[in-house]
Structure formats: C-alpha cells, structure tokens
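Each of the next two complexes has subunit A plus one more chain, namely subunit B in the first and subunit C in the second.
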Partner chain A sequence: MSGISIAIIGAALCAALAGCGSAIGVMAAGKAAAGVASEKPELFGKLLVLQALPGTQGIYGFLTAILIMVRIGVLGGAAVELSISQGWQFFGAAMPMAIAGLVSGICQGKAAVGAIHMTGKQPDASGKGITMTALVETYAILALLASILVLFGIQL
Partner chain B sequence: MIVPMKFVTLVLMRDDREAVLRALQKTGSMMLCEQEGAVRAGTENTAALRRMEKLLSDLKPYAPKAGMFAQKPQVDTAALETPRTDDTETAEQMEKLLARIEKIKERLKQVSDRQTALFPWARLSASSADLEDGAYTSYTLGTVPAKQFAAFSAYCTENGAALETVSETEQTVYVVLAVLKEASLQDLAEYGFQKYTLPPFDGTVETGLRNIADEQNRLQTELDEATAQLQKYTAESLAPQVLCEHYRAESDIEDTPFLSTEQTVLFSGWVPEKRVAEVEQAVQSVTDVYDLIARDPEENEDVPTELENKKLVSQFEGITNMFSVPTYGGYDPNAVMAPWYWIIFGLMMGDAGYGLMMVILIAIVKKIMKPKGDTKKLINVLLYSSITTILCGVLFGSYFGETWHPILFSPLENPVQMLIVTLGVGVAHIFTGLFVQIVNHIKAGHWLDAICDQVSWILVISGICLIFVKPARTVGMVLAIVGAVIILLTAGRAKKGIFGKITGGLVGLYGITNYLSDILSYSRILALSLATGVVGMVMNMLAGMIQSSVIGFILSLVIYVVGHVFNLVLGLLSAYVHDCRLQYIEFYGKFYEGSGKLFKPLSINPKYIQIQENGGN
Partner chain C sequence: MTEYNVYGKKSYAYALGRISGTSHRVLRAEEFARLREADGETAQKLLTDYGYPAVADGKTVYDAIEAEKNAVSAFVREIAPDEELTQLLFFEEDALNLKILLKSEKLGKEADLDTLCEGGFSKELLRICVKAEEYSMLGETLEAALSGIEKEENPCRISCLVDNAMFSYALFTAQKKNCRPLAELFTVYGECKNRLTALRLTKLGKNAEEFDFAFLPVKKPDEAEIRKSEAEILQETDKALDNVLTDLGYGDGIGVIAQYYFRKKAEAGALRLLFAEKRAEESRGDTV
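Right, the complex of A and B next:
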C-alpha cells in the first residue's frame, strides 16, 4: 500500500466516524425534541438549538478530513509523494478526531436528550441545558486540536 | 450594579385596592410578596384567561399563517384595560362557531359511518319494511367468509332456507337469508355466518344511500361556510388576543396576596429605592387615603435583584442571569464579564467577511422583527460582537475563509502561534477573575485570604509562563516557587491539627491541575476559529471547482451563498455556546456564585400583542 492510500483512509475514517457519532447524537436528540415539541410546539426554537449541539463533531471530522486532503495535495494542487511512514503519520493524525468524534457525538446526544427533557419541563432552564450539553463537546474540541496540531507538525 | 431596594408596605381602603394595583401595574415598579395569612381576591379572571388561551389555541388552524419575521400586532393600553363589548361578542361568536364546526364534524362522521355500513347492501331491492318478519318466514342479513360460502350455501339449501347474495368482496359475501320459521338452522355460526344489523334508512338501501350523500353535501357546505366565517373573523379581529391579555393583566392583579380587615387592606413588596416616589405617585393618582411605609431590607431577608448597568454592559446581563442571578448585596459581575465575552466571541468567529454578514443580517432582523426584552439584548450582544469579529478577521487576515494579508499572522498557517495567543487570552481572563476576587476579599477585610488563595496562584501561573521566556527564566522559577510555597503552607489553614494542615497544603497545590485544564480549555478558541475558517475555505473550493461553465458559475453562486450562511449560523451557535461556557466555568468559577432571584414587578406582560409605545397615556 502506498503512503497516500493510508493517508486517504485516515481522512475518510475521520469524516465517516465523526459523522456517524454526530448522526446518532442528533438523531437521539431529535427524537426527544420531537416528543417535547408535540406537547409544546412553542419551544421549537430552543429545542432546535439543543438538537443541533451534537452536530458539531461531524463538522470537525469533515474539517480534519479536508485539511488532510489539502495537506497531501488530493484537493486542489498536485498530489505529494508520501512514504509509507508519512502515510501512517497522517493516519495517526486523523485518529483523535475520528474516535473522539464518534464517541463524544453519541454521548453529547444523550446529554442533549436530558437537556431537552429539562427544557420541556422548565423552558427557562434551556440555557443551563445548553451549557451542560456543551461540556461534553470539550473533548471533541481537544481531539480536533490534537489532530490539527499533529497534522501541521508532520514533515513533508 | 445591583440596585438598592426598599421594602414597601401599603395600607389602603378596601375599595381602592384594585384601582391602586392597576396603577402600580402600569408603572411596573413593585414586586409584591407573599405574607403570612394573606388572601387573594378570586379566580374569575384566571379562569377567563384560561378560556381565552384555549380559544386561541383552538383557533390556530383557522388563523392566517404568520410569517417567520411577523411582528406581533400593536394595541394601546386603553384597549387592554377595558375590553370593548363587541370584542367580547366577537370572541363569543368565535367560540360558538368553533362549537358548531365541532358538531358538524361529528355529524359528518356519524353519516359516513352509516354510509360504510349500508354500502355493501346497495343492491338489496327490499325496503326496510320488506325485511320485517312475515307470518311464516323470517329474514336475516349477514356475512359469510368467501372461503366457506360454498359449504354454507349447501347447508342452507339442505335445511330449507333461501339464500340471496347481495354483494361480495374477496373475503366476504353479503347475503340475505329467508328462513321458514319452523326450520331450525342451529349451525349457521359454524360456517362463519355473522348477523348484520343495518342502520336505519328510509325506503330501499339505494335511496337511503342517496339521502346520505345529500346530507353529506349539505353538512360539507355548512362546514365550509362556518370555516370561512371563522377564518374571516380571525383574519379581521384581534378580539381573542386583546381579551386574553386583558384577562392576563387582571388575573395578575387578582392573584396578588393581601391582608385585610373589614375596611382596609394591606399589601407589601419590594420596590427599587429610586422608584419609591413613582409608586407613591401611582397610589396618589387613585386615592388620598393611604399609608405607605418604606424600610431598608433586613439581614437574611430574601431580596430580589434588579441590575442596572451602562447600556452597553446591560445587554450582557442575560448571559449572567442564565448562569445565576447575582444575590442582593452581592457582586454584579457583568461589567467585567462583558468585555471578555465580547473579545472571545470575536476571536472564535475571527473572520471579517462573516462579521460583515452578521452586521447586515442583524440590522435586517432588528428592522423587521423589532425584538423586545431578552431577545433584543441577545441580538445586541451579537451585534457588538460582530465588531470584534471583523477586527479579529482583519488582524488574522481571514475573509470568508480566504487568507488575505494578515496583519499579525494566519492561524491556518501558524496554528501553534495562534494556540499560544489563545492560551495567553485564557491566562489574562483567569487573572481578571482572580483580581476581582482579590478586590472582593480586600473589601471584606480578608487580606490573608486574598494573598493565600489568589495572589499565590497568580504568582505560580505567571511564574510558569515566564519559564517559557528564555531571558526571564530564573525570575519565573522564583515566582513560581514563592507562590507554591505560600499555597503549601496556607492552603490547609482552616483545617484542624498539624496533619490536616499538611494534607490541606498538598491538596491545595494539587489544584494546579485545575488551573492547567482551565487554561488549556481556551484552546477551543483556536479550534473554533479554525473551524469557521476552514469550512468557509471548503465552500470556496467547492464553488471554485465548478466555475468552468455558465451553469456552473450560477451554481457556484448558490454554493457561495448557502455555504457561507450555513457556516455563519453554525459558527455563531458554537461561538455563543462556548463563549458562555468559558465565562461560566473558567471565569465565574474563580469569583462568582450568585444565587439570587430576579426582580419581577407586577406589570403588563402581553404574550400575543405588543403595547403601543405612545398609545394610551
């Protein structure tokens, strides 16, 4: 396998796994939000914000994938010759975001479900619910940061 | 700043109670409070309010669709105070129409049930009178499963019963059975025969069905008429909304607790010191026979908090209140929090193009929707933050995701440098929190606490930061060690016994991990600003790829618009949420608790309409 294939697999995993995490998270939150909205349709705006929160992991994964592809020249520009070792380096750079994105997306979805139920009972507490849900995202952000720093640290 | 409050007690003649409360409601300056043995005037208006709320929710399917940016209709206060009689009539008419529509729908359902029951028998030529039992025979209508029909029909002929098939479907055969009275057909049920009772009809089934169709048409026209009339009412009249708000205001008055004797009533509540005169004026406008006593709050009293800040700062109050309302007599953190929120928001968005888009979009929203209250404040926060967003965009050279002549450097090309900047912002932010706590301690006379708990940490953190700067390395080390020693020696000072003091010191020093994770938490600023920039860049790239033909060029414009708006909305949500988090956990964690409750005066708070600013008086 050539270096570039390994790097592309890394980028693909990053977008795919983080995307799956967000999809599951947003789905769980969406189901809860739909339930609450059926009783209290006027809360739709607040619920939508809460439902959107677990969606960021997918964006971060996508972003990391794009950055990898730009770096290895697959997107815009000529492809760089990569050694097998460099390929694995890119693969490694993708992993924090891929794995943490998958898991934190699902977990943040669960936290969002709780916050949505709370908003259903106490609409004024939605701000607190947003904060609680956002705490989970910290780890996705740290993973994104790790991925980006490793990515830019790789010598070509 | 937290506004000083007075506890006001009002004694009035019983007859003046409502008029005075109404005047107070208009000024919106007094928050009435519960007292021991207090009574309430009644629940009539609350019941009327519920009735109107129900009417409004029932009317929803008939009301014209309000646009997304539609404003609430404006009504002046006079109309709210005394509802016009024709408004009451209109509301009653609406209720009647709704009831009528409900009735017609029920009738329609009954009729259509009858139709379904009669339909299989349409070809039955006999009238209902023909089917009555004769002298020797009796008639039975029923169904037989198609599979068992052959066996059933054989059984019937054997036992001397005549059978007529009226209609059949794939599963079921509908039959009329004529049986001699003396013949016994015990085993009909074994063949799956089920008796069928026809709903009442005149003449033959066919005419019955025709009558039903006629009735359906008649009911449908009636329904259409009633619906059209209701739609016309809802489109033209604001009666239910106005009445609803009238009863809401009245039920707030009705729900105020008061003590009473035969002739007088007494009620009390909190009034901001500056507005006591306003309250007295409101009372005077109604009556001369009154007594008003204002006193300062006593210790341990649960005083509500009213915040008063400069206009710029006051827009950020909602963010603090979402976390926790400052306690009365406590510290209002808004003035220190606001500039930090403003700067960090800009760093997180960090794109001049998006900043411009924010200004334009917010200007449009403010123009069309004219938001009020908390929403208005939040929108203003975003508007102010668009300034820092543009500034950061220019400093770091980011324009709609494209890098162009950065004044400092581009975060995308130099992420490590940007990381250092964000951590620097974090240290400065946390130090601000610590300084505020030092000032609070000193004001309270707790010098020792200020030095042991805050100054020591400032020394440790600034020392560690200096270690990374080559020329100041030794200075940094000294500072860090001095700070650490202070913590080690004093963190356990509240504990009893020498053992407790030593472990307390060690545990205190372990707090360094908290500070470290707090500071590292600010790296999210870098991650979010990169996220905004890179997604924008991707949109540009996608659009750029298809620009080779004319159609492609037009499509690329769509990608530009949709992509950047999507990215902007997402970026705003993230920046808002994570900026709040940095304030709540990293910043407020250092000095602010606050567990007060907001000052919510008796006032007019309409939900469905807006009070005309210059209307009424």
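Right, the complex of A and C next:
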C-alpha cells in the first residue's frame, strides 16, 4: 500500500467515524426532542439548539479530512509523493478526531437527551442544559486541535 | 401521534421526551404542601392550576382526579413502546376488574363494562373468561392461578387469589422477559404489600399462618419486622417503594414509564385522601 493511500484512508475514517458519532447523537437527541415538542411545541427553538449540539463532531471530522486532503494535494493540486511512513503519520494525525469524534458525539447525544428532558420539565432551565451538553464538546475540540497540530507538524 | 414509530419500532427516547413535557405531570412536594394548607375550595382551584381537569357542574373533585388518572393511563398506553410490558403496569386494575366481574357473576347480575377501569387485559376478554369459567385465554400463569376460583365461596379468599394471580403474572412475565426494572419494582411492591398484610392481620388479631393465601409470592416479613410499630412499618414501606421508584427514574426505558405511572397513581390516592380529610374537617366545622 502506498503512503498516499494510507493517508486517504485516515482522512476517510476521520470524516466517517466522527460523522457516525454525530449522527447517533443527533438521532437520540432528535427522538427525545420530538417527544417533548409533541407535548410542548412552543419549546421547539430551545430543543433545536440542544439537538444540534452533537452535530459538531461531524463537522470537525469533515474539516480534519479536508485539511489532510489539502496537505497531501488530493484537493486543489497535484498529489504529493508520500512515503509509507509519512502516510502513517497522516493516518495518526486523523485518529484523535476520528476516535474522539465518534465517542464524544454519542456521549454528547446522551447528555443532550438528558438536557432535553430537563427542558421539557423546566423550560427556563434550557440554558443550563445547553451548558452541560456543551461541556462534552471540549474533548472534541481538544481532539480537533491535536489532529490539526500533528497534521501541520508532519514534514513533507 | 404516530411519528415515534420510526422504522416500525417505537422509541423509548421519544416516549420519555413526551413524559418530560406532558401536562399530566407529577405534582411537586411544595405543590402538594400548598394543597394541604389550603381550604377545600382553594385546593380545588389550585389543583386545576396544576393541570388537573376543572371540576364540571354536578361533578366532584374526585371525578376530576379520576379523569386525570384515566388520562394518564391512556397517555402511558399511547407512548409506551412495548405493549406487553406496559400491560403489566395495570395488574392492579386487572385484579379489580376481575373481582367486580366475579362478584357480579356470583350475584347473578350483568356487570356494566363501562364502569370498569382500563386494565392491561380487555374488559370483554375478562368477562368472557368469567362467564365461561375458563381462563386459558389469559395465559398459562393466570389459567393455573385462577382455575376453579368460581367454586370458591369465601370473598376474602377470592379477593386474595385474584390479587395473587395478577401480581404473579406481572412479576413472572417481567422476569421471563428479562425486564429488570419491572421485576425489581414488582418485587419491592410485593414485599411492601406483604408487610402491610401482616400488619393488618396483627391488628385484627389473626394468625398469619391461617391467612397464608393473603400473601403475595415474594419474601414475607420476618418476626422482627412484624414486631415493629405501625408507624415504623408504614414509613419503611413508603420509603422502600419511593426508593425503588426513584432508582427507576435514572434509567432510560420502561422503568421511567413505570415510575411515572406508579407516582401518578399514588398521587391520585393521596389527593383523594387529602380532599376526603378536607371535606370531613369542613363538615365538622359546620356541625360546631
């Protein structure tokens, strides 16, 4: 397998795993939000924010994948000749975002479900719910930073 | 509402979301305290403010409480994803319906099905079973527990046998379906009921061994538990039930639905008692 193939697999996994985490999280939050909204439709705006929160991991994964593809020249230029070692370096750079994106997306979805139920019971507490759910985001952001720092540290 | 039927499978996340947002919510402790402090008329108004149906002309507050209980029962049936498990929550209502039907049959009268409450089993099915003296349509557990009940003459025994049969059915089905939250709830419920049965027998000066049929098929209270004071027993059983219901609330499945339904049922009972006390107080005041 060539270096560029390994790097592309890393980018693809990053987008796919983080996207799956987000999809699962948004789905769980969506079901809970639909339940609350069918009883209290006036809360739709507050519930939508909570449902959207687990979706960011997918965006971070996609962003990391794009950055990898730009760096290896698959997007917007000629593909760079990569050694196997460099390919694995790109693969490794993608992993923090891929793994943390998958796990934190699911976990943030669960936190969002709890916050949605809380908003259903106490609509005024939605701000607290958003804060609590957003805390899970910290780890996705740290993973994104780690991926970007490693990515731009790779010598071509 | 059918949106929750995603890919042919109902979702607990949706059901629990509906419980969170429902207008048929469980009253908070401070709301209950306010009801307790208020006079009868104010308490009635407060209850309406808390989401109970308004008391219509010619109706009483008890009708409003009953209407709320029926609405909650219909709501639980509508949202619960697993019909077979949901049906188990209504084992007390089934027992009551069956007792009424058996009593009517014994008296040679036709029971009015409209006056029966909504249980897990269809009222018509129970009526057919009682008429035919054949309970196989209710499943093996109930068939075994209820066969020959029509020959029983002692009303106390009939009542206990029916309670026992419906409880056993609920507990065994929950265990068979590997539903830990319900199995745990029913076990604690049965143990608490057994403690209360032992207390009643002690108060009546009866021997517990003579009334073995009155105990549910779970752990019976030991001597030390029986010797405790009435207040202690009542407090401990209340606490045990409250603890198990609170634990169920931390889950994300049928346990939360069971918690909601049992809390609302307990709330209805407590409200009936509260308004009965208020009425008694007011009538005492009038007499003075």
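Here is the rule we use: the second predicted complex is superposed on the first by the 156 of 156 C-alpha atoms of A that agree within 3 Å, B and C clash if a C-alpha of one lies under 4 Å from a C-alpha of the other, contacts with A are read in each partner's own complex, and residues count from 1 in each chain.
Everything that follows uses one rule, which is that a contact is a pair of C-beta atoms (placed from the backbone, for glycine too) under 8 Å apart; a residue touches a chain by one contact, two chains touch by 3 or more.
Only a predicted model underlies this, so the values are computations on that prediction, with no experimental measurement involved.
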With everything superposed onto subunit A, say whether subunit B and subunit C fit together or clash. fit
Between subunit B and subunit C, whom does A:Leu102 touch in the aligned arrangement: first, second, both, or neither? neither
Just subunit B (first), just subunit C (second), both, or neither: which does A:Ile148 touch? first
Which partner reaches more residues of subunit A, subunit B or subunit C? B
Partner chain in contact with A:Leu75 - subunit B first, subunit C second, else both or neither: first
Superposition-derived angle with apex at the Cα centre of subunit A and sides reaching subunit B and subunit C, degrees in steps of 10: 50
Taking the superposition as given, does A:Thr131 touch the first partner, subunit B, the second, subunit C, both, or neither? first
Looking at A:Ile66, would you say it contacts subunit B, subunit C, both, or neither? Reply first, second, both or neither. first
Touched partner set for A:Ala28, first subunit B, second subunit C, both or neither: second
Between subunit B and subunit C, what minimal C-alpha to C-alpha distance in angstrom results from the superposition? 7
Interface with subunit A, subunit B side, in the complex: residues 322-323, 415-416, 419, 520-521, 523-524, 526-528, 530-531, 534-535, 537-538, 541, 570, 573-574, 577-578, 580-581, 584-585
So in the complex, which bits of subunit C are touching subunit A? 1, 3-4, 6, 11, 13-23, 25, 79, 252
Which positions of subunit A touch subunit B when the two form their complex? 49, 52-53, 55-56, 59-60, 62-63, 66-67, 75-76, 127-128, 130-131, 134-135, 137-138, 141-142, 144-145, 148-149, 152
What residues on subunit A touch subunit C, complex-wise? 28, 31-40, 43, 113, 116-121
